[in-house]
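In the two complexes that follow, subunit A is the common piece, with subunit B as its partner first and subunit C second.
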Partner chain A sequence: MGKLSDAIYEVHYMDTIAGMDSPIHRVHPLVKLAVTIAYIWFTVSFNKYDVAGLITMVVYPVALFSISGLSFGHSLKKLRIILPLVLLMGILNPFFDREPRFLLYGLTVTDGMVSGLTLIIKGMLTVLGAYLLIATTRIEAICYALNLLHVPEILVTQILLTYRYITVLLSEANHIFEAYSLRAPFQKGVHYKVWGSLIGQLLFRSIDRATGLYDSMVLRGYNGNFQHSQLPKARLKDYAYLLAWGTAFAVLRYTGLTTLLGSLFI
Partner chain B sequence: MSHHHIICKNISFSYDKNAEILHDISFTAGHDDAIGLIGANGVGKSTLMRILVGLELEFTGEVTIGEIKLTKKTLPRVREKIGYVFQDSDNQLFMPTVYEDIAFAPRNYGLDPQQVEERVQHALDLIGIDYLRNKQPYKMSGGEKKLAAISTILAMTPDVILMDEPTIALDPKNRRRLINILNSLDHIKIIASHDLDMVLETCNRVILMSDGKIIADGLTRDILTDKALLEANGLELPFCLQGDTGVSFRPSVPHDHIHL
Partner chain C sequence: MHMADALLSPAVGGAMYAASAAAAVYSVKKLKEDFSPKKVPVMGVMGAFVFAAQMINFTIPGTGSSGHICGGILLAALLGPYAAFLTMIAILLIQCLLFADGGILALGCNVWNMAFYACFFGYFCLYKPIMKKGMSKGKIILASILGCVLSLQLGAFSVVLETTISGITELPFGVFVAAMQPIHLAIGTVEGLITAAVLIFVQQARPELLDAAATENKYSLKKVLVILGVVVVLVGGALSLVASSNPDGLEWSIGQVTGSPELEAGGSVQDTLAGVQEKTAVLPDYSFGNDNVAGTSFSGVLGSALVAGFCVLLSVIFGVYKKKKKLNSEK
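Here is the complex of A and B:
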């Protein structure tokens, strides 16, 4: 079950890169969360035919990758899992919207093709934006920021505990499947007849784990209100970061920068 | 005022009417007690521990911890006085870092950030694991997790520490370290374990259980040296007291096949 151990490694890897030290990692989590939300909002708000404008939004991930020191190639490799989903979002557009838009080397480019491409780019950029948030911010800091934004307590606690226990669950699953494969050496994968009992096992183990965890929490004073860690307040440079990106996004979105630049050269 | 900090009177407990797990358990524990709770598998040691911290409330009888009678209403006050170290440290370490985990209880009890910081530092220093402060539990060894789990309960400044199989899955070095730490803590301790050598080194008193009942309650040196009593209840003498165990090294490979 190499894939399960790979998944465990991936979670650990995310935790490691989120704990790195760089100017981006040091930005206040609430500010980073606000910038990410703004980035996603501005990105999806582009007109469905404005490919040129949308491409300028690449500046944000490019800047963050270069300042934070994260590996762009490695990150793209991770994002390949959701690429099919992103492609699926826009792939049908050319079939529904067949209005010709322009000719490119004799090929008629339809509105559907353009809007499909826009949708795919929007998908890629928003996923990249969210990825950059979790790759530069530790989970407890994100939860702290969500808490400051008054996101329902139960949701924040769920995120925090799911993140902590996803690896425990994966390693339980890994143990079950390893034990199975050691006694079924000539089988590729798990026979469908035992799927039910294996998943049942995993469910019972998860329930056991959840019960133990809850017991441990109530014994240490948990009464339904999760007390999150307190981080220092945002500093002036955090606000400057927010202001800079907010302004940049607004400029890229509303000034038609590509048209302006194009008119300078043509 | 009683000098007993824990008073258990006639505790009986069952999930099913026909299968009683604990039967008429009574004992007291005072400030000098470090009690080893021993017995074969399934005799009710863990259940008794769970009752003492109020994780099982459907028992008959009476439990008093530090003058407070254990009821549903008094649970928060009782739990403030008792720290329970789980057998599986992964249940105990649910926060992203050791620091966050140790700070969990003090925050829940409403301490301000400065006091939380002091409590965390004190708990880390007591166990000597300051180097683990910002480490994620999944990156830690079993021994480190166990020490961190103990720190999480010390941050509550409890009067009583309960431990369920603390030395399980520890290598000899970590086991020795844990024994030294247990001996350095002057809390009331109740340690449920099959590791009788550890009990011998850390506890001054032993309660032997069998079939949900207390069979013997006395000084460690009396109970853990009573071969007949231990064997009658599914145990054996601690290894260090067994003398000639009859086990000798016998290589499974013939001598002429061993190349040095």
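Here is the complex of A and C:
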């Protein structure tokens, strides 16, 4: 099944690129998490008619893509999941808000058109911001950052274990579905008569696997406390990275940089 | 139903993070009360199971389209509501980070819309009361469909509220609701049927899995009332903020006939009753006077609480009446 094997490939690919080495990959995970949240926060806080201001936030993904050496093409694939909903909302705005804003070569641009465009840009930038975090930070490092933020231990362990077992169970589901497809070649999905047994089998295999996992964890000294990987503490350059981006976002958000730059020429 | 960051304002995103975090902290506390180290790997693997199972498409007979499993109710039935809620958080976080399905700022909203309603409202208010006196095939189907449909309806409605309060879309509230609710009614029914099929299979093949979760989480009316209260406060309070100041359907119809949205009352009985209403109304015309937003919101919460209280009172009265009737018939 395409969807399942695509997901397996995606998890492996993200694991590989997160393990690469670049100046961005080496930044402390907690700092990267804080910068990402700040970036998304500032991006969504732009006024819905402030396209010019919002455009300046492109600086962050452009800088990170160039420094980290990540492929921009792959990140575009991520947009296809979230973009349809955002596009739908954005495209509908011109129909409900027809207040004229300005004239562009004789064409009246309405408030709805501007707010629709802002929504689409915000959608793209926020997805890119999140992508840059996970593409430059391993899940263990993100869990370590969550630990530092005092997120309950049990929740952090859940994230880590779920992530580790996703590929295993996706492969298991893929085997089950492929076996089913071979016996029902022209069936679009799973027939309703085997809904329960097909997923039920996967469920039992998962529970058996969890029991086996628990036994092996106990044999290795597990007593209820999960040992997370310890990473080095944040260094001075990590704080400098945080300060630099924090200042940059605030400047881009509150100074109206594009208007200032434009006024130099007009 | 995963929300994107672009559909939210920072204030709404932050508020929903706080609400979801409170539910998560409570769940962690409840789990720690009778903590079993074995539950940790089971939760982790079950999270991965739901993740994988959600990617399998199930043919919907006679439509040509397909649906997938509803994770929240299934996990709550197998692991109990608290463990299920934490597992759902892990799934939603991984979906958001790895597959860009939902945003980082929107995670609080997504946890609330997809995990809270299913694991707490769906489980304590629907699944558990239905299963109170033992499980059967019919009860599993009813609980799964009702649980999935109602939790999805609340989730879809919350998406509309969160987006509208954020001021992101120009889509009128009514149009947005009319677009979201019916489609999620269909999705919920299909997801409920798939969930029921899996739970029936589990009940027939390994019933001990369902019994373990059922004995761990006893039905309690107090819990049901608390959860209903939280839902009422959030949905009622937030809904009032986006409520239209235009006349409602009845007022509009009266307006078309008489030229005024309210009928002029004449006569001593009407005058006396109007006087009583004026004196007893805590929030006349749903406001605090000067502070309209706070007033409207508070009125929404108060009104919803009163309706909920009235329903509880009615059910208590009916319960007492039924008990009396039963005692009389036994005599």
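List of remarks:
In the analysis below, the second predicted complex is superposed on the first by the 235 of 266 C-alpha atoms of A that agree within 3 Å, B and C clash if a C-alpha of one lies under 4 Å from a C-alpha of the other, contacts with A are read in each partner's own complex, and residues count from 1 in each chain.
FYI, a residue touches a chain if its C-beta (ideal position, glycine included) is under 8 Å from a C-beta of that chain, and two chains touch if they have at least 3 such contacts.
Values in this document were obtained by computation on a predicted structure and should not be read as measured data.
By the document's definition of touching, neither partner reaches A:Leu148: not subunit B, not subunit C.
Legend: residue contacts after superposition of the two complexes on their common chain; A:Leu161 is shown touching both subunit B and subunit C. Once the two complexes are laid over each other on the shared chain, residue contacts for A:Arg209 go to subunit B and to subunit C alike.
By the touch criterion defined above, A:His12 lies against subunit B but remains apart from subunit C after alignment on the C-alpha atoms of chain A. In the superposition on chain A, contact of A:Tyr192 is made with subunit C only, not with subunit B.
By the touch criterion defined above, A:Arg220 reaches subunit B but does not reach subunit C. Contact with neither subunit B nor subunit C is seen for A:Leu257 once the two complexes are overlaid on the shared chain.
Taking subunit A as the reference, the larger set of touched residues comes from C, when subunit B and subunit C are compared. In the superposition on chain A, contact is made by A:Asn93 with subunit C only, not with subunit B. Subunit A residues in contact with subunit B (one complex) as well as with subunit C (other complex) are 139, 160-161, 163-165, 168, 209, 213, 217-218, 222-223.
The touching residues of subunit A, counted against subunit C in their complex, run 1, 3-4, 7, 10-11, 14, 36-37, 40-41, 43-45, 48, 78-79, 81-82, 85-86, 89, 92-93, 95-97, 112, 115, 119-120, 122-123, 126-127, 129-131, 133-134, 139, 142, 152, 154-155, 157-166, 168-170, 172-173, 177, 187-192, 195-200, 202-204, 206-207, 209-211, 213-214, 217-218, 222-224, 226. Remark: subunit A residues 12, 15, 138-140, 160-161, 163-165, 167-168, 209, 212-213, 215-223, 227, 229-230 touch subunit B in the complex.
Here subunit C touches subunit A in the complex through residues 2, 4-10, 13, 24-25, 28, 31-32, 35, 37-38, 40-49, 51-53, 55-61, 64, 66, 69, 78, 86-87, 89-91, 93-94, 96-105, 163, 167-172, 193-194, 197-202, 205-206, 209, going by the rule given at the top. By the touch rule above, subunit B contacts subunit A in their complex via residues 53, 55, 76, 79-80, 82-84, 86, 88, 90-92, 94-97, 100, 103-105, 107-109, 113, 136-139, 152-153, 156.
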